[in-house]
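Shared between the two complexes below is chain A, which pairs with chain B and chain C, respectively.
Right, the complex of A and B next:
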């Protein structure tokens, strides 16, 4: 069979079958078209403005490495005028993150970008290895997800940067759409597809320039560009919902490669249909983002499919026994109990499936660490409180009963050191 | 702990021995059947007796596929009619039953006989003669014009049957073929409903089937219209849609068919039990992949799979601000959301996607 000729330039030999549309094209045309599509995404969404300082959330993996490389290329080619910085989170996972951070350090040299590393141990007093030793392998992704979200924001704040870009690709977004459908999580369904998530409560904006890029094309790009990236997956296994959604997405892609973008499109359309009283919590993106962070979930009751299945069954059993008792008059206004005006409280978590009641999230600040939160105490601080309670008493901070969470976090943040890579 | 003698009593009647596990509750056969019936009849409450005597009686169309779900629905509604006749000497509505014969069905030697038997058994209702799918080109006035949007045009002198064969063979993927066929089938059923003066179509989709439909629609880029597709009430076809089995799992309908002492149901349950294993994934349609996914995951996580339907139903299907128009091919609302993936077409994204897989 004669070698096929590139369908784009009709000149060079085709070396790549594009996973996205099965086009046979040559290596150079592939690199060009891949970069051009990301440029188009950036321009169409007005992602950047001239002179902006942008932190690239860099893990050393393929997605963020390709993102850094493409952004550097495009920044020079199209003169975006961006000041690009690499921002890495050190979760403290031996045999995974320490090695991948070495990759990021090399990337910093290769792309001549400054590098900032923020560690969980500095911020929270716990590495992920310690968390796993404490809570076990199940559910630890919750901790990691919650911690990372804050860590990226804090790292950016430290650098005085207001925009963090992440390497979430089309596969991640599609996976998240399916996962949130399975989990029944409408607020996250509403925001997980948007390319930019910013929050009224945080001045740090997040965006995902690779939102329409196929994971397979990212791998191809990294391969043909000979990029230096780290390919080991996190040693702690993904959470069940995401795992199930991931398998499904891969099967769908085999049947019809366009499925991934088709799901992204479905996700965008469904997001537009999420009722405003539910998506009203959209502004808390900063708190609840990380929706597609590639591994864990942060939803406590979404951690395990088994757990959720049990809850649904229990609700249903309860509903079948339920006799509705209505109060003769409207319930009295709940007494104003919040002393701090910026803090809003969920008075009641509605249990079961009461129709028409939606928990609306209102942003305030965590009373312990000052991070934005819809709760009195932010997720990270409440997770920390649980961790610290069971930590052996040899640790330094324990003792100041009520404020241990806040003091730990405050002190660690104050003492954070910038390492320049 | 419970006394061993009472350990396996039905939790509802506390009289008879429990024989079935239903959503973590042990029920006896009688209570289980009451449970299934009440779930369906609750969904049929909007079709009660009309207030005024002189009003024309409601007519509802019930398409059957030969599968268990639609037969269970027919059996339950038939029993309701029998009770209504005994009580008031008239029924609240009339049922019109129809069977669409899809390609592949034609070879079935028992189809005609089965359908006749069904009409015999449920003789209180009017049975429309079985309709081959190509009748859609005869009964739907706009279908030919609308099919041109996906590049399908009838050739001079081409019969309905030949046009259908050619149209389906133009689909280059199994998914596009299944998609096209289900659109044609839906349009045919709506046309029959109109012709028969039916105000509603009663679909036999179980909760599990609806969940698979939701996920498949999402996977085919039809997520924007999914909430209106699965909603009870007025549809964009200008006729009501109802899913009376929406609260029952497929497995529950299977159990019901086995215990209902109805030979026709037993027979259907038996033949449905022998499912054909999926052939290679490349020759599977997205719809059947997701049916398999829901069935396999549903064994372990029935509640989660059921939750998919509840979640999708919470999307606002009628939010006028984001809806542009109705797609001329699938007749579902088109959502124009933010994002970069808009087809340059009068079609919805899903139909535009299908069009790309149709080579005429």
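Right, the complex of A and C next:
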């Protein structure tokens, strides 16, 4: 094949074929156009305002590393006047997250940005290593995803920052659109396509500046810019690598590369047709599980959500049986609370889904941790309850020692860790 | 012209885990290795599967006889689609890079 010449500068040798339009361009023009398009996305959607403090959800992986690098470049080039901070979540996975956090620490130096790391252990009393020891390798991604969602918000709150940007790319969005389409979940379909998600129940806004960027181009950008990123698969989600929605998207891209952006566009157009009373007036960020998983586990969302529903149901069933070995419940609550009302909420939801009725989700606050939730108890607290129940000895101990009145579930959890150690 | 080709093969983006976590491999191939046919990237992929990869999870690299969708191939830093994909004939000192886009970010 004779070498192709860049279609933009008509000078250098083409090295990249753009998936969105099959344009053949050289390395330098690619870097320029990639940055320019992100800038256009930011401007067209009014993502930022001057003087804003913005936390970049940073995992050390390709997407968030490219996001941090591009935002730094654009912030300087176009004088956005942003105060950028890296925010990382430490799930507590030895041999995986500790390595990727080293990457984020190097990024913090390379990009001269402050870095804040928030750990699952401090937030929930459980590291993912401990969760896996408890629940096994199957389904643990569910815990990780639900926990991460809150962790980013809590980390941002700790820093006094009201805007978190994440590295979700066009492939991620296309995948979420496909999954919600396949599940017939219109409210989520509508929410998952929006570039900014916010909620009345939280003052922290989320956005995805890379929403229209192909994963392929993100990887090429990282490669040609020689960015320092981490790419070992999470040791607990090797199966995620074969996620079916992911595979479908990549197969479609192979046949017709523009498919990915076309799916994103179709998702947006369909979302516009969803009546507001169905989609909810504003997105409920806490429950948008399509975004909850920043790791490879996003690939198995469908399965993991089903699994979680089952697990929550099982927890609730167990709750009605295990009255004598129960965690002390939040002081304001009667001890028998978790069997009846929670079950009924859950039943209602799944029945509604099966019959195709759409229940409008009303955002409120979790009665245990105060985090925004469309249900009385948020998903993280439900999952924690299941986890904590499986530690009968420690929960009895805590019941004795820690009764004096911790006000949140988090403190109860902290108590468990101390007494268990 | 010597009887052998020396090329550099690199795996990144998580693919290196299929190759004992070694990113960079120097390969010396006999020019007649493919029954006298010119050595192509297609041949190289087959060679990698049969000779280089000890990991049994071949499907993470090759699916249905082709490089798995979601893995980028760069020939001397150019997208292999610009170079003829698997039909590209290997030249001495070529650098062939396989990058996975499939790993978490």
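FYI, the second predicted complex is superposed on the first by the 315 of 421 C-alpha atoms of A that agree within 3 Å, B and C clash if a C-alpha of one lies under 4 Å from a C-alpha of the other, contacts with A are read in each partner's own complex, and residues count from 1 in each chain.
As a working rule, a contact is a pair of C-beta atoms (placed from the backbone, for glycine too) under 8 Å apart; a residue touches a chain by one contact, two chains touch by 3 or more.
Just so it is clear, the structure is predicted and the values come from calculations on it, not from any experiment.
> Looking at the overlay, what does A:274 touch: chain B (first), chain C (second), both, or neither?
first
> Applying the touch criterion given at the start, work out whether A:162 contacts chain B, chain C, both or neither, answering first, second, both or neither.
Once the two structures are laid over each other on A, A:162 reaches no partner at all.
> Contact-wise, after the overlay, does A:254 reach chain B, chain C, both or neither (first, second, both, neither)?
both
> Tell me which partner A:265 touches in the superposition: chain B (first), chain C (second), both or neither.
So A:265 only meets chain B here.
> For A:219, using the defined touch cut-off, is the partner it touches chain B, chain C, both, or neither? Pick first, second, both or neither.
second
> Once chain A of both complexes is superposed, is A:246 in touch with chain B (first), chain C (second), both, or neither?
Second partner only.
> Just chain B (first), just chain C (second), both, or neither: which does A:27 touch?
Touch partner of A:27: chain C, not chain B.
> Answer with first, second, both or neither: which of chain B and chain C does A:178 touch in the superposed model?
A:178 sits against chain B, while chain C stays out of touch.
> On chain A, which stretch or stretches are contacted by chain B in one complex as well as by chain C in the other?
251, 254
> Any idea which chain C residues touch chain A in the complex?
Residue list for chain C touching chain A: 12-14, 17, 60, 68-70, 72, 74, 77-79, 81-84, 88, 97, 99-105.
> Using the touch definition up top, name the residues of chain A that touch chain B in the complex.
Residues 40-41, 44-45, 177-178, 181-186, 189, 193-195, 212, 244, 248, 251-252, 254-256, 258-259, 261-275, 278, 305-306, 308-309, 311-313, 316-317, 320 of chain A touch chain B in their complex.
> Please name which positions on chain A make contact with chain C in the complex.
On the chain A side, the touching residues are 1, 3-4, 13-17, 24, 27, 59, 61-65, 167, 169, 171, 215-216, 218-220, 223-224, 229, 231-234, 240-241, 246-247, 250-251, 253-254, 294-298.
> Can you tell me which positions in chain B touch chain A when the two form their complex?
Against chain A, chain B makes touches at 23-25, 173-175, 214-215, 217-224, 226-227, 281-282, 284-286, 289, 293, 297, 300-308, 310-312, 314-317, 319, 322, 335, 337-341, 349-350, 353.
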